[in-house]
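See below for the structure under consideration.
Naming follows writing order (A, B, C and D), and every chain is counted from residue 1.
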Amino acid sequence: MNTFGHLFRLTSFGESHGRGIGGIIDGCPAGLEIDVELIQQDLSRRRPGQSKITTQRKEPDQVEFLSGIFEGKTQGTPIAFAVWNKDQHSNDYNDLKDVYRPSHADYTYIQKYGTRDHRGGGRSSARETIARVVAGAIAKQILAKAGVHIQAFVSQVGEVQLNKSYLELDLTKTEENIVRCPDPEIAEEMIARIVLAGKEHDTVGGVITAVATGVPAGWGEPVFNKLHADLGFAMLGINAVKGFEYGSGFEGTKLSGSEHNDIFVKTENGIRTKTNNSGGIQGGISNGEDIYFKVAFKPIATLLKEQKTVDRANEETTINPKGRHDPCVLPRAVPIVEAMAALVLVDHYLLNKTNM
Amino acid sequence: MNTFGHLFRLTSFGESHGRGIGGIIDGCPAGLEIDVELIQQDLSRRRPGQSKITTQRKEPDQVEFLSGIFEGKTQGTPIAFAVWNKDQHSNDYNDLKDVYRPSHADYTYIQKYGTRDHRGGGRSSARETIARVVAGAIAKQILAKAGVHIQAFVSQVGEVQLNKSYLELDLTKTEENIVRCPDPEIAEEMIARIVLAGKEHDTVGGVITAVATGVPAGWGEPVFNKLHADLGFAMLGINAVKGFEYGSGFEGTKLSGSEHNDIFVKTENGIRTKTNNSGGIQGGISNGEDIYFKVAFKPIATLLKEQKTVDRANEETTINPKGRHDPCVLPRAVPIVEAMAALVLVDHYLLNKTNM
Amino acid sequence: MNTFGHLFRLTSFGESHGRGIGGIIDGCPAGLEIDVELIQQDLSRRRPGQSKITTQRKEPDQVEFLSGIFEGKTQGTPIAFAVWNKDQHSNDYNDLKDVYRPSHADYTYIQKYGTRDHRGGGRSSARETIARVVAGAIAKQILAKAGVHIQAFVSQVGEVQLNKSYLELDLTKTEENIVRCPDPEIAEEMIARIVLAGKEHDTVGGVITAVATGVPAGWGEPVFNKLHADLGFAMLGINAVKGFEYGSGFEGTKLSGSEHNDIFVKTENGIRTKTNNSGGIQGGISNGEDIYFKVAFKPIATLLKEQKTVDRANEETTINPKGRHDPCVLPRAVPIVEAMAALVLVDHYLLNKTNM
Amino acid sequence: MNTFGHLFRLTSFGESHGRGIGGIIDGCPAGLEIDVELIQQDLSRRRPGQSKITTQRKEPDQVEFLSGIFEGKTQGTPIAFAVWNKDQHSNDYNDLKDVYRPSHADYTYIQKYGTRDHRGGGRSSARETIARVVAGAIAKQILAKAGVHIQAFVSQVGEVQLNKSYLELDLTKTEENIVRCPDPEIAEEMIARIVLAGKEHDTVGGVITAVATGVPAGWGEPVFNKLHADLGFAMLGINAVKGFEYGSGFEGTKLSGSEHNDIFVKTENGIRTKTNNSGGIQGGISNGEDIYFKVAFKPIATLLKEQKTVDRANEETTINPKGRHDPCVLPRAVPIVEAMAALVLVDHYLLNKTNM
């Protein structure tokens, strides 16, 4: 299904090489002044062609609002928007029309729907995340008023890992390099790794870490819509994501309970926890500490290498794609992770208004 | 919120020390003969006191159906059920009434709701998962008719890891030992680790792996309700879960795309993939291969050790719980993981009926 | 589907002659002190056997709460409840097991589900409305705190009509007679009409009018969840309801716009309308005036008369039911109408909290 | 909220004088060949300026599809569409910017949202129904394949009533006159009544009757989503609607049960009912007979007459609108009623696939 959220709902539409990508945001509170520039900034962080380590396809990605904003303010009515597609070169994809590319959605879409728009991946293209970035950028503006800020960064590319807690890093440096890693030295290693993958006509995966600060205690709706469950759901819905963990995550499973428990302490700022293995969420509800989590991205499937496969006629065949490709999706996925986190948080911000 | 699922919906209720735990299943197809014995089997796999490595509290956990089943068959109407609580010893919890136990939901529930049923964790108790196990056991029966089977097992306890693919294991051996690990040798190590934790009045975490076989190609609803996104959401909603990964997961982020891609091959059983890094899901839709995933559980927070904390009056205090505790929740969580997977899969089985 | 509401959600369960009728209320704000006596009052207003003009079957209808209330207060967690069935005399229905009673749901349930619990109508019995009355009685308690009160009354029985606006009536007199009509003279006529129907072993339909006072301007969620659309949906979901109108309703279609428009006037109590053809709702949103509407009930289908019909074997047959029947459901439906209105209003009360 | 439907979901957007009106249809089955001409036909039936008895504003209303259709077929992905606004003359509305027009949504939108797009009614304009007509026209195409057809017609204008059952009428004549009444003589009277209202700068209300044929037994989801409850909800969500009844409706409340019951009979076409007071729905589920219902429309609020009112500054004032107006919305509302009925029916068609 193509609607995300309970009260702040994004319904998205669009294919890679159709008329455009867009969506409708329903449930956005009225009276919010929209800063379009901030939305365009996130679209620019997501778009291809922004640096030497991303695909060189040019997509200007200008958002147009179609409803719901009047005299610069939200009206409480549905906010429709679109980013129109340009320069699609649909014919580039004719060769792949009837071929199931390995680890893409070609085969499964045909199995499910009996048909598919093959051009550039159609609906399964990561270009669809444009709608999420636009809606997330609006959600961020609501959250900013509530004192909540989200920052994501690349913490792993292939085997190159940033082995530091986010607390040891200066996250404001994230945007200072093209890979979006706040540690300049590791960033250089990551960039080199991606350049290598590009030269090899191959791709490389990695991990994005995200931190949300300023979330007050009380957000989250147990037992099923625990705050981290909704965050995980949001992240796993992003193309190429294979895993999600929050707080101590998979590593924390090796600790004993007495090591893992976060002791409550009394501070001048109220009750806090001494450590934060909980990742800011206890019993599915935010506890006022930073919320942090990691998202695993596989190396994306589009390679410029010869690969065996099967086609719609059930015949074995070989593909050997040419042209441009994106050796690593991680830098461009940073704003997508932030956007999805913002959608979840603003939803729980609104949900929590109805609990007392 | 306390409803799970889109078409096959479980709404759950109940607190640890209230009248009981139960739920309503809405959307269960009519005409299904219910095998109550299979449901009780899963409840027994979940219940405390079943072996020396789980808490010794006795909870017989007998399900009573309140509606929706007539002459042994589902009627298409809501199936309500309850497992009535017994022997609750509510007074045992009086000491903890106004104390925020570390890494429990005590503090966050008070922050969110301004009130809480403190007895045994109330709504935040893992006893709530009884409702999921009952509903999941019914979902399993529907899936079995469709040829789908789910098997979970413990693949890590603390540092003790089962470093084998599920393909190298005989999963039918899972229930042959009390820790529910299909490798008898590793199982012994795991049991020893849990016994040690118990002796130390401490707890230990770990990982559960699950495999679903027989899922045909075509289940999953992009772009948001990708099959793995719904599975991740389901798993992250289970108490103490900190992470989820499917297919190649976090490890797969280190591979290059050419290593990671699953090549399509033509077989006598139709189109298959040579490897299965995709975990049976491509573009959010099942591709006919086995679906497998891992779920990380933190060491649970209830220890029999002295710990500092803060109380509702904002005063620092110390707790030192006595009695019985559960050193490792993993063996009992195996049927819960299966249940939640079954709920997701049956939901997508029904959803997929409406796509063509 | 068996869940009603967006934020304040009732999921109901139960069959006429099963274990009981009940439900789960999810989304009820925390900290509400529940007055069980008020709930029982509404159950008593709904139950059979309360007067000479209703069926003489005795159903004590005592509610038991199963979760979500602790020390008398709601906890923000799901409130499960049940009214256990008693004295069901299930065998009374054996004769009707395979017969399609005219204008009942027997035939359609079999067509839809392939099976049905035939005892007393099973799930299609009006006994199911018990769950609505309990949930509605809780909703009323929340609304009362917000200054909102709902009063329904019988305004027509067969051809006997109360041709007065609710403004000309003293609604506090509604409960002073057994037919629940606030006009004592018309009430006598209505009672006589029902007694006659009873003697004839027949039934009679009618109309219930309801008024909600104290609803502030701003409730309602256009374009689809207009306040009156949700009210109509709620009313049409009650057994035997055939129509709904609000404000000027069907009669208002005969007026010209200049007669129908409600002129705004400035008063000491703020902006009001001079007339209220709008029924307190404009553009789907409450405007602060009284909300009023009418609900049409057909004469119920259970007669003690011989009727031709067809059975499950597709053979023509004749039924001739004996025993007790309910000549007019209207007096007992008054609390059901109020309950459903309360569920809608409390839902919009919560929804409106998220709009600004 | 701006999403309609459970499985076949329309999310609509747009204001009267914004960029356009449109929506996203999610859940439309894949592989459907879309006949755009049929969609344009319904848009033309809805648009202003089509005859002397509707407003003379010209709105060409050409639909553009933005996604979800490839090579003329639906893809199972979201179908976005828009009808772009033209010639909006937004400045015409400057005088009404701060005035609460009687019986419009001006006052309630300001009360709810604190802001509104005043141009032509903004979101509350009936122009929003364009999205419903487009989605409904697609729903009709799915239903047609299932043998289901919907026909609505005008059965009352002011006091001019068509006092015949739809069975006595030749519904194919509905489109032969500009008022869309299948009885030519009554149609003339209705047209005269509307012309009179236009001359008087006033408006007139009325009733639309709709019939759905070919619905098989089994559609409808008790207890809350009874087929008629979803139909009523859909109709009451249309601008200016004040009432809904199906089958015998309000008049049927005057019958006794023995008169009202529909006797089952055995026919060569299976089990049928002798009469159809049930309106094709029993227990909330279709029984295979024709489904028919009536929808009451108030006279619309926009008059070309002087009227007293109050403005945003809380001051009494007078409005005296000039220009064109629509004396009777009924003829143009016929396709809207059909569209909403189609959305409900296709939704239940899909829902019913999941019940067995």
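By definition in this document, a contact is a pair of C-beta atoms (placed from the backbone, for glycine too) under 8 Å apart; a residue touches a chain by one contact, two chains touch by 3 or more.
Note that the coordinates shown come from a computational prediction; the quantities given were computed from them, not determined experimentally.
Student: List the interface residue numbers of subunit A and of subunit B, divide the shared ones by all numbers used, and answer same when the ratio is over half, different when under half.
Tutor: Same residues, largely: of all residue numbers at this interface, over half are found in both copies.
Student: Of the pairs B-D, C-D or A-D, which has an interface that repeats that of A-C (more than half of the contact pairs shared)?
Tutor: Most of the A-C contacts reappear at B-D.
Student: Centre to centre, by mean C-alpha position, how many angstrom separate subunit B and subunit C?
Tutor: 40
Student: Compute the distance, rounded to whole Å, between the mean C-alpha positions of subunit A and subunit B.
Tutor: 26
Student: Averaging over Cα atoms per chain, report the distance between subunit B and subunit D in Å.
Tutor: So the centroids are 46 Å from each other.
Student: Can you tell me which residues of subunit A touch two or more of the remaining chains?
Tutor: Counting only residues that touch two or more other chains, subunit A contributes 1-3, 12, 27, 30-31, 76, 112-114, 123, 355-356.
Student: Applying the document's contact rule, which stretches of subunit A touch subunit C when the two form their complex?
Tutor: 7, 27, 29-31, 76, 350-351, 353-356
Student: Once bound in the complex, which stretches of subunit A touch subunit B?
Tutor: Spelled out, the residues of subunit A in touch with subunit B are 1-4, 6, 12, 100, 102-105, 107-109, 111-114, 123-124, 128, 156, 158-159, 197, 200, 202-207, 217-226, 228-230, 232-233, 236-237, 242-250, 252-266, 271, 273, 277-279, 281-288, 294, 296-303, 305, 307-310, 314-316, 352, 355-356.
Student: Inside the complex, what are the residues of subunit B that reach subunit C?
Tutor: That would be residues 1-3, 9, 11-15, 18-20, 22-24, 26-27, 30-31, 64-68, 70, 73, 75-80, 82, 112-117, 122-123 of subunit B.
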